[in-house]
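Notes follow once the structure below has been shown.
Chain naming follows the written order as A, B, C, D and E, and within any one chain the residues start at number 1.
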C-alpha cells in the first residue's frame, strides 16, 4: 500500500440500532497487517452486526471505517440515515474483504466450483482457467474436491461451510471477515481451518473472526475483543482474556473454557 | 407404555445412498428411556442423514426403525424404493419426535412465538392459550422472551437456533433428535442447553444428539457413537470414546479434545 | 368533453358496474380455489393427475377466453334446451342467462392462470421449512394449510394482484354473451353518441378505483410479514 | 360428408378464396406484436421492479402510480388516446411552431402501448420474484464487491427467474390474445382475421376452431420453451415433495 | 383525393373483405360510383369500429362509409351526408310463434337486438315497458340465441334478417313476424356518410354525387346486383 501504513483495518466508534434496539453503542478496534482478532460475546450481542457494518452490509448509524488507510466516505441522507458517498468506493473496498457468513449464503444456482470462482472471475477479472485452478486447490485443501460439481442444496452443513470458506479465500483478500467459520465443522476440520488461518496471518493478511469456540479463539488469535451490551467490555491478548480477565462479566463468560 | 419396554428407540442396519454415494452402510443403535446418545464423526460422514432417516425425512434404502416399541412399517415400491406402509403411522410417530435441524428451518412467515406453538396447536391439538403459556416459559428459559414477536429473518444466528430448540421442546417429545443444537451458541448458552438436556433425560426422555463439540458430548451423554465411512466405527460410554478409544481412527478424531 | 349523457345512462352504468364487480368477485374467488387444487396436482400429484392439471392449464391459457366463452355459451349452452324438461326447471332462468356462462368461463380461465402462478410459488418455498413441518408430524393437509400454501401465497402476492387486475380487464368479454357490464354500457354509449373518449373515461375511473383498492389490499397483505432487504 | 370435408379444406386453403393464408399471416403478426410488446414489457418491468425495491421514495411513488394507473386504464383508451388524440395534439403544437406534421406508425404505437402495459404487470411479477430470493444470496454478492449490474446479471436474475417464469409465461399467453387491439389502428392479426373469415363465409365454427388451434400451437411451442428455461433455471433446487 | 373509412369487419352484402384482401359489396360499388361521379381519386382506409371516429377527426381519412345510420345523437359529433340507403326494421321469431310486430305481440317476451342500432332506440321508445331486451354485438350471435331458444325475437334490419331466414338454419326454425310501424324520429334518417363538421365543401360534393347516381340509374343497377328490391326506402 502506498502509504506503507501497517494498519489494515480501523473501526472507530461504530453505532448501530435496529429500530429502538441499540445493538452497537460505539465499538472501535484496530487491526494491523497480519493480526488475527477474535470477537467473542454472547448470542445477540452484535458480533455479526459488527462484521456486517465493516463491509457496509448494514449501514452504521455513526462511526468510521478505514480499510488499508482508505476511509469509507459516508454522508447523512436527508432522512438522517448514513449512506456511502460513492458506491463505487464501497464495491472496490468490499472486493478486498473476504467474508464468510454465519449462514454461509451460498448461491443456490451455482455448483460448489462456480460459487468459488464467481467473484474472482466476475469481480476481479481473473481468467476462468486460472480461477478454476486456484479454486480446485482450495477445494482440495478443505476436502471438497470431489463435491466441486454438487449444488449447495445437496451438501452437508459442514460441506457448505467449507465451500463458503473456500469462496472467501479465493479472492485473496487483504482482510478476512469470518463469522463463526467453524460452527459446523468437526474438530479435525477446525484444526485444518486453524492452520489455514495461521498461514494467512503469516502471509500478512488480517483477520476478524467471530467465534464461540473459546479454545479456537485462544489458539488462533493475537487479540481478543469481548463484546457486551453493545460495547467492547474488554480486549487484549488471549492470555489476558481467557486466563486473567479484568472485567467480571468477561470472567464469567470465559469461565466455561476451563470447566 | 403398554409393553413397559424401556427401549425408546431402536435402529437396525440402516442403509442409505444418494445416487451412487453410499452414506450409511448399516448403522444400528438402541436408546433406552433417559439415554442421551451423542453421534460424532467428521463432516459429511452421514450424521444428519442418520437423524433424518429416523423420522423418515430421508427414506432409508434398508433397515428398521422402532420407536417406543412400534416399528415403522416400510414396504418396497415397484420402483424398488422404500415407502412407509402407512403415512398416518409415520405422522403419529413423528409427532412424538422433536427435531432441531442443523439449519434451523424456522418458518419464515411466523413470529418466534408462532413458530413455537405451531405444532402443539395444529398437530397435537393443544389449546392456543395453553400452548402460548408453555411456549413463553420455554422462550424465557432460552432467553428469547423479548424476541417472541420477531420474525426469524431478523434474529441473530444463535437466536434462531434457540427458537428451533424451543420449538422442538414445546411438543414434549418422548425422543429428541438434535442436529448440532449448539453450533451457533456461546459457551454460556451451551451450558444452559446442557442443563436442559440433563433435565429432560432425568424426566426419562431420550435424546439423540449430533455434535462437533466433544466436550459437550462428553458432558451430556451416557453413550457415544462414532460414525466413520458409513459405519459405527466405535461406540461406548464417553469415557471410553474420549479417553481410551479402541479404534485408531476414533483416537485420531477425538485427540483434538485434549490438545 | 361532454358528460351530459350520464344523466340518461346512469341506471345502466350502475347495473353495469354491479355486473362487472360480480363477475370479478365470483371468478376470482372460485377460480382461486380451483387454482390451488390445480397447482398442487402439478407439484405433488401423481403422473395422471399431473398431466390432467397441466393439460387443463395449457388449454385454458392457450386459447382465447373469447373462444372459450363462445364454446360454452353457444356450444354447450345451445345444446342445453335439448335436455327434456330443462326449460321448465328452476335452473332455466339462470341457465338461459349469459351471466352464468360468463362467470363460469371466467372462473375456469382465471383458475388456469392462477394455478401457474401458484405452482411457481409452491416450488419457491424453501425445502427445509416443509421438512420442519413434516418432522413435527404434520399431515399433508395441515402442512399445506399452515406452511406450504401460506408461504407460497406470500411469495406470489404481487403477481396475484396483477392477475386479479387482468381479470378485471377481461370482464368486458362478457358482453359477447349479452352481459351488459360497465364496459359494454360504455360501448353502447359510444356507439349511440359517437363520443370517443368520455364513456371510456368513466369506465377508466371505475377501473382505477377498483385497481387502487386491489393494490392497497395487496400492499396491506404484503406488509403483514416484514421481509429483510 | 366428403363434400363438406372438401368444403372445409377449401375454406382453409392457403390461397384465396381460401382463408388459410389470411389466418397464417394473422398469426404471424400476432407473434410479431406480442413479441415486441413482451420485450418492451420485460425491459420496463425489470427497471420498474428494481426501482420499486430501490428504496428511493419519489421513484417508488412514481412507479406505484405507473403500475396502478396503467394496469387500470383499458388498453383501448391508451392506444386510441395516444395514437389519435396524442398525435393530433402534438401536431397542432408543431403546427403552431411552424414545424412539419409528423406521422407515427400506428403499428409501432400499438406495440409500444401494449409493451408499456405489460411493463406494469411485469414490474409486480418481477418485484415479487426478487423479494422471494433469500436475502443472504444478495448480501453475499454485495460482500464480494459486485456492483449493481453485475449483481443483477450473475445473482439476482438467475435466482429470480424460477419465481418469475410462471407469471411471465402468463403475461405472454395473455398478450398473444390481447394483441387483437391493434385492429383499432388498422392492423389485422389472428383474432380479426378469424372474425373476418367467419363473417364472410358464415362458417364461424370452422374458423374459430382453426384459430383456436393456431393459438394452441403458439401456446404449445411457448410452453415448451418456457419449460426448458424453467428446467434450466431450477437446477440446484431439491425436489420438494 | 377522397379517403373513405370502412370498418375492418365484414358486413355482407354491404361490404366484405375476401380472402385475398379485396373489399366488395353494395356499399363499395356505391362508393366507386360516387367517386366516378365526383371525378375524384378514391382510396379505402380500414379500421376497427372503435377507431373510425378518432381517425376521422385526426384526418386519417375523410368520410366514414360504413353503413353508419344517421341518428340525432351521432349528428351532435359528426356531420352526415344525405342518406344513401334505408331499410325497414323487422321482427323475426320461431315459426310456431304468433305473427305480428306491435307492443301487444311482444308482451312478456325477450327480444334480441344488436347494440346501438336504430332498432335499439326503437325498442326503448315502444317496447321497453312490455318486453325484455338482450343486447348483442353482432346479429349472428342473436341468431344463435334465437336458435337455442334463449330469446323469442330478433329485431333488426330487414336485409340482414332476410338473409338469415334464407339460410338453412333460418329456414328450419324461424319466420318473419312483421315489420314494425315506421317512426321517422328513431328509424328515419337512414344510412349516410359521416364527415367532419368543418368539411362542408366535401359534404355538398358528396350530396350532389349521391343524388346524381340515384338519378342516372346507376343506383338501381348496383342494387340489382345484390337485392331483388329497392333499398333506398321512403323519401
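Side notes on the structure shown:
What we mean here is this: a contact is a pair of C-beta atoms (placed from the backbone, for glycine too) under 8 Å apart; a residue touches a chain by one contact, two chains touch by 3 or more.
The UniProt protein names, listed by chain, are A, B = ATP-binding cassette domain-containing protein; C = ABC transporter permease; D = ABC transporter permease subunit.
As the structure is a prediction and not an experimental result, all values here were calculated from the model.
Looking at subunit A and subunit E, the chains in contact with each of them are D. Which two chains touch most often is answered by the contact tally, and the pair is C-D.
Of all chains, the one whose CA centroid is most distant from that of subunit C is A. The geometric centre of subunit A is 46 Å away from that of subunit D, both derived from CA atoms. Distance between chain centres (mean CA atoms), subunit A to subunit B: 30 Å.
Computed centre separation for the pair subunit C/subunit D is 19 angstrom, with centres defined by C-alpha atoms. Work out the mean CA point of subunit D and of subunit E, and you get 36 Å between them. Counting partners per residue, subunit C has 126-127, 196, 227-228 as the residues that reach two or more other chains.
Residue numbers of subunit E whose C-beta contacts span two or more other chains: 50, 54, 57. The residues of subunit A that reach two or more other chains are 103, 153-154, listed in rising order. Listed by label, the pairs of touching chains are A-B, A-D, B-C, C-D, C-E, D-E. Against subunit C, in their complex, subunit D makes its touches with residues 53, 55, 64, 67-69, 71-77, 80-81, 84-85, 121, 124-125, 127-129, 131-132, 134-135, 162-167, 169-170, 173-174, 177, 191, 208, 211-212, 215-216, 218-220, 223, 234, 237-238, 240-241. Across the complex, subunit C meets subunit D through its residues 43-44, 58-59, 61-67, 70, 113, 116-117, 119-127, 130, 155-159, 161-163, 165-166, 169, 172, 183, 196-197, 200-201, 203-204, 207-208, 210-212, 215, 227-229. Residues 55, 57, 87-88, 91-97, 99, 101, 103-111, 118-119, 122-123, 151-154, 171 of subunit A are the ones touching subunit D in the complex. Every residue of subunit E that touches subunit C in the complex is listed here, in rising order: 49-50, 53-54, 57, 71, 73-74, 76-78, 112, 115-116, 121, 134-137, 141, 144-145, 147-150.
Contact residues of subunit C toward subunit E in the complex are 74, 77-78, 80-81, 87, 96, 98, 175-178, 180, 184, 187-188, 190-196.
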